[in-house]
Amino acid sequence: MDRVTITYKIDNPAEYTAPIMIEGLPGVGHVGKLVADHIVDELEGVLVAEIISHHFPPQVMIDREGTVHLPKNEVYYIPGDQPLLILTGDCQSVSPEGHYVMTGHYLDLAMEFGVTRIYTLGGYGVGHLVETPRVLCAADQTELVTLAVEAGCVFSPDEPPGGIIGAAGLLIALGSLRGIGGIALLGETSGYLVDPISARAVITILSKLIGRDFDPARLQETAEELEGALEKLKESEADRERDDLSYIG
Amino acid sequence: MDRVTITYKIDNPAEYTAPIMIEGLPGVGHVGKLVADHIVDELEGVLVAEIISHHFPPQVMIDREGTVHLPKNEVYYIPGDQPLLILTGDCQSVSPEGHYVMTGHYLDLAMEFGVTRIYTLGGYGVGHLVETPRVLCAADQTELVTLAVEAGCVFSPDEPPGGIIGAAGLLIALGSLRGIGGIALLGETSGYLVDPISARAVITILSKLIGRDFDPARLQETAEELEGALEKLKESEADRERDDLSYIG
Amino acid sequence: MDRVTITYKIDNPAEYTAPIMIEGLPGVGHVGKLVADHIVDELEGVLVAEIISHHFPPQVMIDREGTVHLPKNEVYYIPGDQPLLILTGDCQSVSPEGHYVMTGHYLDLAMEFGVTRIYTLGGYGVGHLVETPRVLCAADQTELVTLAVEAGCVFSPDEPPGGIIGAAGLLIALGSLRGIGGIALLGETSGYLVDPISARAVITILSKLIGRDFDPARLQETAEELEGALEKLKESEADRERDDLSYIG
Amino acid sequence: MDRVTITYKIDNPAEYTAPIMIEGLPGVGHVGKLVADHIVDELEGVLVAEIISHHFPPQVMIDREGTVHLPKNEVYYIPGDQPLLILTGDCQSVSPEGHYVMTGHYLDLAMEFGVTRIYTLGGYGVGHLVETPRVLCAADQTELVTLAVEAGCVFSPDEPPGGIIGAAGLLIALGSLRGIGGIALLGETSGYLVDPISARAVITILSKLIGRDFDPARLQETAEELEGALEKLKESEADRERDDLSYIG
């Protein structure tokens, strides 16, 4: 395999034009991934591409049936008046440089599908439990910040104090350099738990921004399924560390 | 040397066709390596190739006679009705990306020798001593999972929770992309000790899957030898860390 | 984007010749950055180039208006009898090798603008609060050490004991290989706090060396603004570490 | 600069043929560096080449006069019946892969000067003070192990348990692949201190092996000088760690 391999799962990519891409890769509170997986599930997304990479963790996941798969990113297509492209998956890059490289590939793919607007979804860890999470926003241009605030986002000039880390931030900034407008939606979350409550707050605002209705009741379900899967990945990380030590001993 | 150097130890690789490759590189409990070394020892494997790489630890091992050798992987050939190729060695990659790179080279080599089935062997660390270790399995296709279960493996949809890390997992998933079927056999083990008991459980099942008998009594012996060698490597790791600190101080 | 992208913000770089470059990137006590930002602010520097890179942290910063920007380095031009080029920004490389690579690009740029002398500014962390900070110096040739001492620097053969880390040191040594003379000015600082007092000591000496007057009263102001921005970046770093753990869990 | 830059300090490398190379780069107890520096000092070595590299620490050292230099490796030529090439310097690679890369360059250089035998010098950290340090040995062939034992080395099949880390080990193993015989001499040392006593034990044996006399009384002097320099480097490492944290905060 090359350092990054994109496999198309459809015959005619040209037929799958989508003006909007929504990114929900794993991150703080898995808020983004919860929302992305929920949309794919509820709106029956069509898998259009899979991405594997040397920048991902060097391991395999085991599916329910005992079969293995490489850690991967997936792109789903959701038809409609305004078709959506959903970017989700098992992981992000394990190296700092890999984040830049992978984001470049995500944007190549977005441009191929005609994307002109990107929404990135994530969590904003505040270190304590939040009952009524706010959704913070940032964008590549002030017009889009205004749009997000009108949809219910809170804009707070000092939050998140640390900026946005990983694909959720780089997609907005590097996308802007290619002429793609972008909004990041960050649901407040403790940062210690998978957080479907924060995800529900994010999907409510996203729903207004993209003009699509979702059934948030089903989010709880998705959250419970994901929580099981994440538990497995967490232990894997711990395993890997133990394993690293034992490679040469 | 190049970043990866494969040195053939035989004149006519074309004469050494083998449908089955068995991987047993160092890992949790050194279960895989114990089994692989035992097979090479008992069935008098012929060394067909050695692999050294920039991705391996930057050090040398000292042999019993005081001579040094680079950390390396070795491929042995075992004749028979169904010849075997055994992949074992001192180490795996020290970097995440290196795991992907090395697995690519292992698969190139497997294809050169006509391999159509890969068994990867490893330990599944459970954090406590296990008296009667189960052997878990995973594969690239459900038919092979069934095969492994029939041979005595336990298939548990939630174990190992963290997937399979390093070559044992990547060989199955990346091999599958090249049309090579693969089964991973993971013996339960504490994760803290070299574990010949877990290795015995794994070799018993492997024996059924490949249709070869082994003398498990000799495994204990091999284990004791390996334990000595591993002790040396462990201290080496500690040395290296101390050494890293002292390079510029 | 390429691994390093330099974007010119002016039409005719050839018209912006400057014999002197002053580097003040983030570092110990943010002494260098405080001074560089102050000079750009007080002397109304013209932004001539921006640098983004895979070697920088994989994240975005959020501006006051809610818009995002990539971590970047900036080069400002300050007209005058002896025009100045100021190199400042959000970050330095996150990898050891990246420091060498980025310094190479800084020097390419310096040569393009005709730079023949580089001043690098930084802090020298002493681990305790310093009321009247000394400014230590180092240079690529003894004549320049003498010059710095005449301007008020302290030359102490055993300080800083650990040399100079990052761009502030490499610019002097690698610049010298290209025939550009360089002086490093290091203000004593605790190392734990953003330190405008140390920055004031450094700017006083720099002022003599380059023959320009500055209004140190305004430095306090700049310091307070920066302190807010740094607080955000610090939390970002903490976020990223938490995030790294949660990428696959 | 390229990733590795070798600068010759002599006009006609072809006139400086040397059959023997002695490596003494920084490592455990700085035993190897103490010996190498002592030989260069006592036998008035001629600097023939300097090596700088992206694989070295991203910083500069400050000399007694306040001038800076890049962390570098140096090669000295010592005339005589059997001329010597001495490889010493400030540092080794900071990355695992860099050790392999740099060793490749050291060997290119060795072959250019006609080297046919390499002695690598280092410390063997035992974790406690040693009054009468043994000198352990390893080599690329049993004949050379015998030679070292005849010269007073101890050959102990289980020591050092962890092999030899960094250039001292890789030069022997990778050199052997190029037909250059090599012996590693490792002086017992606590591992916590710069150890001139261990260095004296090593130079005594090296003296017999290469047929040259040294004045060990002067070693103490060299040790004291080095101790000062090392103290500076150690603090630099600590500085860099603090600095790394503060780059973006």
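Letters A, B, C and D mark the chains in the order given here, with residues in each chain numbered from 1 onward.
The criterion applied here is as follows: contacts are C-beta pairs under 8 Å (C-beta built on N, C-alpha and C of every residue); 3 or more make two chains touch, one makes a residue touch a chain.
Predicted model, so just to flag it, every value in this text is computed and none were measured.
*Asks:* Using the average of all C-alpha atoms in each chain as its centre, how far is it in Å between subunit A and subunit D?
*Replies:* 50
*Asks:* Hey, how far is the Cα centre of subunit A from the one of subunit B, in Å?
*Replies:* The separation of the two C-alpha centroids amounts to 35 Å.
*Asks:* Hey, what residues on subunit A touch two or more of the other chains?
*Replies:* Touching at least two other chains: 57, 94, 233-237.
*Asks:* In graph terms, with chains as vertices and touches as edges, which category applies: line, ring, star, complete, or other?
*Replies:* Contact map by chain: ring.
*Asks:* What are the touching chain pairs in this one?
*Replies:* Final set of chain pairs in contact is A-B, A-C, B-D, C-D.
*Asks:* Could you list, by residue number, the parts of subunit B that touch subunit D in their complex?
*Replies:* Residues in contact with subunit D: 1, 3, 54-55, 57-62, 64-70, 94-95, 228, 231-240, 242-243, 245-249.
*Asks:* What residues on subunit D touch subunit B, complex-wise?
*Replies:* 26-30, 57, 71, 90-94, 96-101, 104, 125, 137-142, 145, 155, 157-158, 160-166, 169-170, 172-174, 176-177, 184, 191, 230, 233-237
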